[in-house]
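Note that the chains take the letters A, B and C in the order they are written out, and that residue 1 is the start of every chain.
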Amino acid sequence: MAIDSIKARHNIFLVFSYIFAVVMSIFTVFPIVYTILGSFKTNAELTQGGSFFPSVWHFENYAKAFIENDFITYGLNSIIVSVGVLIIAVFTASAAGYVFARKDFIGKKIIFSAYSALVFIAMGSVTLYPTYSVLTTLHINKSLLGLILALVGGQITNVLLVTGFVKTVPVELDEAATIDGCSQYRTFFQIIFPLLRPILAVVALFSFRTAWNDYLTSFIISIFTPRIKTLTVAVVQMQYSINAAAEWHVMLAGASIAIIPILILYMFAHKQFINGLTAGAVKG
Amino acid sequence: MKKIISALLIVLAIVPSVVFAGGASETEAADASGKTVIRLWTNDRHDAAFWQEKVDAYNASNTDNIQLSYEIYTDNLQQAVDMAFQTGEAPDIVKYTEFFDKYILDGRFADILPLMTEEQKAMTQDAWYDGKNYIDGKLYFIPENNTCLRLFYNKTIFDRLGLKVPETLDEMVEAAVTITNELKGEGIYGFACNLKNPATGLNRSFEPEVERGTGLRLGYDFGTGTYDFTPYIPYLEAWKTMIQNGFPGCESLDIDPLRSQFAAGKIGMYMSYTHAEPGVYESQFPMAEGQEWGCTYLPIEEGAAACGQYFEAALCFLFNNESENLDAAWKAYSAIFLNEDNLREHFEGGYGISNLPVVLESSEMSAQYEANPALLKTDEDVMWPKTPEQAYPQDFIVEGLDMYNTFGAIIAGQIDVESGVADLTERYNAVNERLISQGVYERIINPDFSRN
Amino acid sequence: MRNLTKKRLKESMYAYSLLGPNLLLFLCFSFFPVIWMLKYMFFRYGGAGTSETFIGLENIMRVFRDGIYWKAVLNTFIYAVGKIIITIPISFSLAYILNKKIKGSGVFQSLVFLPTIMSSAVMGLVFYLLFNVYNGEINRMLMAAGIVDSPINWLGADHALKTLVIVSVWGAIGNYMVYFLAGLQQIPQEVLESAEVDGATGFRRLWNITIPMMGPILKIILMLAIANAFNDMNMILVLTEGGPYNASMVMTLYAYKFFFPVSAASSVMPQFGYGAALSFVSALIAGAVTILFLRFSKKMSDIY
């Protein structure tokens, strides 16, 4: 086959690739650009359908979101909750995943089958009420801690991901560490934990994202204690605020604010994340 | 990795202090300064600023060391109170909604008669409704305001087309169709309803209209003690025509987007509560240049005598029976919400429509009510007794599409009118008869509310 | 022998000390809700202030009589299938293209990934502004471009479910693209290179080498996609509430409405028992689909 024809074919492929990528990027970015542009419009412009770009840029919408609507508090709640969920998820899931992969203990069979049985059951909304009553029993239904624990949840998928990943780590490593006189805990925290980094990046990003974006669970738990509302709940609730749905522009400002932290996290963790998926999810 | 871990550790050290801090303080009866804190939960948003100001003044000036905390729960009040009762942390005062009737029956709310002075009793006596707030000689709340259902229309559009404000069903349909036909090109339509949730939308429009026209309440005939949806048919037909020639996308419309379109002059007519709309077009969605709204009674079939249509009690509060500070709660409530001056100012300011004759008679009628007398309650706005469905909600379970969703589907042309209505009648009666025969309740008959 | 038991006991204690935190969370937030559901599906209960009454199988029988629920089940399947058959090919193509280190690959990846980090509930509000029939941005653009003459009622009974599929595809392609990227990066470069030396063209390489080697990850991705699609409800709740007239009602949302009846027509009482029964049947359906898929994919890999 002539080199030229391969090259030509390659070029055609490249052109189509670009067109496809550009079209799909526009499709995905359009609503977000609309949200961000909308956050600078007036309310009338938004609800009565003005032009795509704001006629005048109203930066004060952000001031309004932050100050009048307490988005500083809710934003802080969101950060605390999401970081808390991330930390607890990473530590508990990695420890549990490690134990399932490496240790033989009494009751393992039963517990592991319970985990596996529940992994693909879509429980949906039925969990909300019992979750809340657990928090009430523990007297943490009115604190961010309660919300954090509820959002961390059982983590079945994460645990199974880590289990799959640990199985790819050579057993010799633990054994060598044990021979070196490491205690079992040190073996886990010093030898194994750092090796899990790629899959933990996945767990971290997933759990942070879930917590940051969650609406229903956070909504139900904060119904009773509005003080612990997260940003997402606060934004959606503006549909029903004191000033009624009037304030779409402030809502969009809030939504735009909510994008930023998670975007930063993604940029930092992006590479780890892909590596983690490559190494863990696939084999898990 | 070490860096990451140490960073995480620092965060770990900080987070708990934030997370655990400020735990239960706000529910405790006394704050640091030794004040008795009374919590009041409401979902009224339109007059929140007005009352907050009164509450602040009271908190600053009262000599009983009482601090009233006025907390707004918007649309989730019912769920919040539900959860609060479960955890024994219910507030001292809660705004009444029908949903809380189950708690009244359960004895969770206090009888306020023993707390009231003779003066207060005299002042509110006209607002004691048998079976509603006054049950077996006990009084649970005082509806200080009321809200009725009316037809709101765009005066500017009606004047422009030379249309008469509709009094009958046919006139309303005709006006709706005319507006749409004439002005569709400008994006103006005759009629709209917020049907995203049919129960929410039709409960505040269609149902009271039918009540007014037929004397049925939620399909129930208090004269015979049976359900009959057949008289709904002409209204369903009329609505079907109006909606299908009406504002596009009603089936996914919420009330606020509807209002914003009405304010922009895109909608000819819709139905809503009297207490809210004037304020909405004053502050939240100011009417567009040159647009003016008007308000009239719900149109009914020509020749039909107007029967009672339901009105809702507003500005009314329940008192938690388990509260340790019931007396303080009543004191604060009396000083702020049973205060004639405040109530007058509330009414004159257009925040709500008073239900107490003393207040109404001594207040100045603002221009709003002069121009739209239909905003005020009339003798045809009545407090209905409870239908079986309302009285026994836990037992009265109608399977399949409930009445509002059936109506929604009929109006949208998804279900045939005749068969849809026949099916509803049959299903509701079946449940009613079954519960009566099982002895859950005796047939509910009330001659005062009979259809004739 | 005694030593062995002792060692095992010690090992177990160690294991439980690490597993403990997660196990507690699992018991509280995954296991307990299941027990709760299994109990209340046999009761009639309207929440605090009402009594619990044991009614046996009445709730379950009602599920089977409930036409709206089965319509919601059908909608769930339409929604899930629609979402998956549109999302998976697009995500795979994107991953395949962007894995080829073309210029701007990183930028494209980030742009496509953006929707997955947006809160679907918040975006539900934005999509109302975009899709509503009276002044939505989408209709305006379509009309300006001359593609349609009159506005399309995106959220009306005829189109609502399709609109939700479009919106869900929007939210999902970035996610699955990342999964596929991970899978593609796993294929040893040498395999592809040796194929190139053998003269295999791009498409033949894709068909004969890349796709078969993606087998295992494809299976996992599809499984996740199925589980997610059956669980989606945030966006639907905010955007359409399952309407109009249940045209976009899905299983989970239908059950939700019995737990939290949000309505201004106020005396509506929650029906926890019936909600639990609906959830139970829905979980069985979703579980059955997963098992069927596993069987099927196993057969597929047996053939290969």
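Everything that follows uses one rule, which is that a contact is a pair of C-beta atoms (placed from the backbone, for glycine too) under 8 Å apart; a residue touches a chain by one contact, two chains touch by 3 or more.
Keep in mind that what you see is a predicted model, and the values were worked out from it rather than measured.
K.L.:
Relative to chain A, which chain has the most distant C-alpha mean position?
P.N.:
That would be chain B.
K.L.:
Counting C-beta pairs in contact, does B-C beat A-C or the other way around?
P.N.:
A-C
K.L.:
Roughly how far is chain A from chain B, going centre to centre by Cα mean, in whole Å?
P.N.:
Going by mean C-alpha positions, chain A sits 38 Å from chain B.
K.L.:
How many angstrom lie between the centres of chain B and chain C, each centre taken as the mean Cα position?
P.N.:
Averaging C-alpha atoms per chain gives centres 37 Å apart.
K.L.:
Taking each chain's centre as the mean of its CA atoms, how far is chain A from chain C in angstrom?
P.N.:
Chain centres of chain A and chain C, defined by C-alpha means, are spaced 15 Å apart.
K.L.:
Considering chain B alone, which of its residues make contact with at least two other chains?
P.N.:
As it turns out, chain B has residues touching two or more other chains at 75, 79, 86, 257, 261.
K.L.:
In chain C, what residues contact two or more other chains?
P.N.:
134, 260
K.L.:
Going through chain A residue by residue, note those that touch at least 2 other chains and give them in order.
P.N.:
Touching at least two other chains: 47-48, 133, 220, 239.
K.L.:
Any idea which chain A residues touch chain B in the complex?
P.N.:
Contacts found on chain A: 44, 47-48, 80, 83-84, 87, 132-133, 136, 141-145, 148, 194, 197, 220, 223-224, 226-227, 237, 239-246.
K.L.:
Hey, which residues of chain A end up touching chain C in the complex?
P.N.:
Touch list, chain A to chain C: 1, 6, 9-10, 13-14, 17-18, 20-21, 24-25, 27-29, 31-32, 34-35, 38, 46-49, 52, 88, 91-93, 95-96, 98-100, 103-108, 111, 114-115, 118, 120-131, 133-134, 149-150, 152-156, 159, 184, 188, 209, 212-216, 220, 232, 235-236, 239, 248, 251-252, 254-255, 258-259, 262-263, 266-267, 270, 273-274, 277-278, 281-282, 284.
K.L.:
Taking the complex as given, what residues does chain B use to touch chain C?
P.N.:
Touching chain C from chain B are residues 75, 78-79, 82, 85-86, 97-99, 101-103, 106, 108, 187, 195-200, 202-204, 247-249, 251-252, 257, 261, 266, 389-390, 393-394, 397, 399-401, 404-405, 408-409, 412, 414.
K.L.:
What residues of chain B sit close enough to touch chain A in their complex?
P.N.:
Of all residues in chain B, those touching chain A are 1, 8, 11-12, 15-16, 18-20, 22-24, 26-27, 45, 48-49, 71-76, 79-80, 83-84, 86-87, 89, 254, 256-257, 259-261, 264, 280, 284-285.
K.L.:
Under the stated contact criterion, what part of chain C meets chain B in this complex?
P.N.:
It comes out as residues 44, 46-51, 62, 65-68, 128, 132-134, 151, 153, 155-157, 160, 240-241, 243-246, 260, 262-271, 274.
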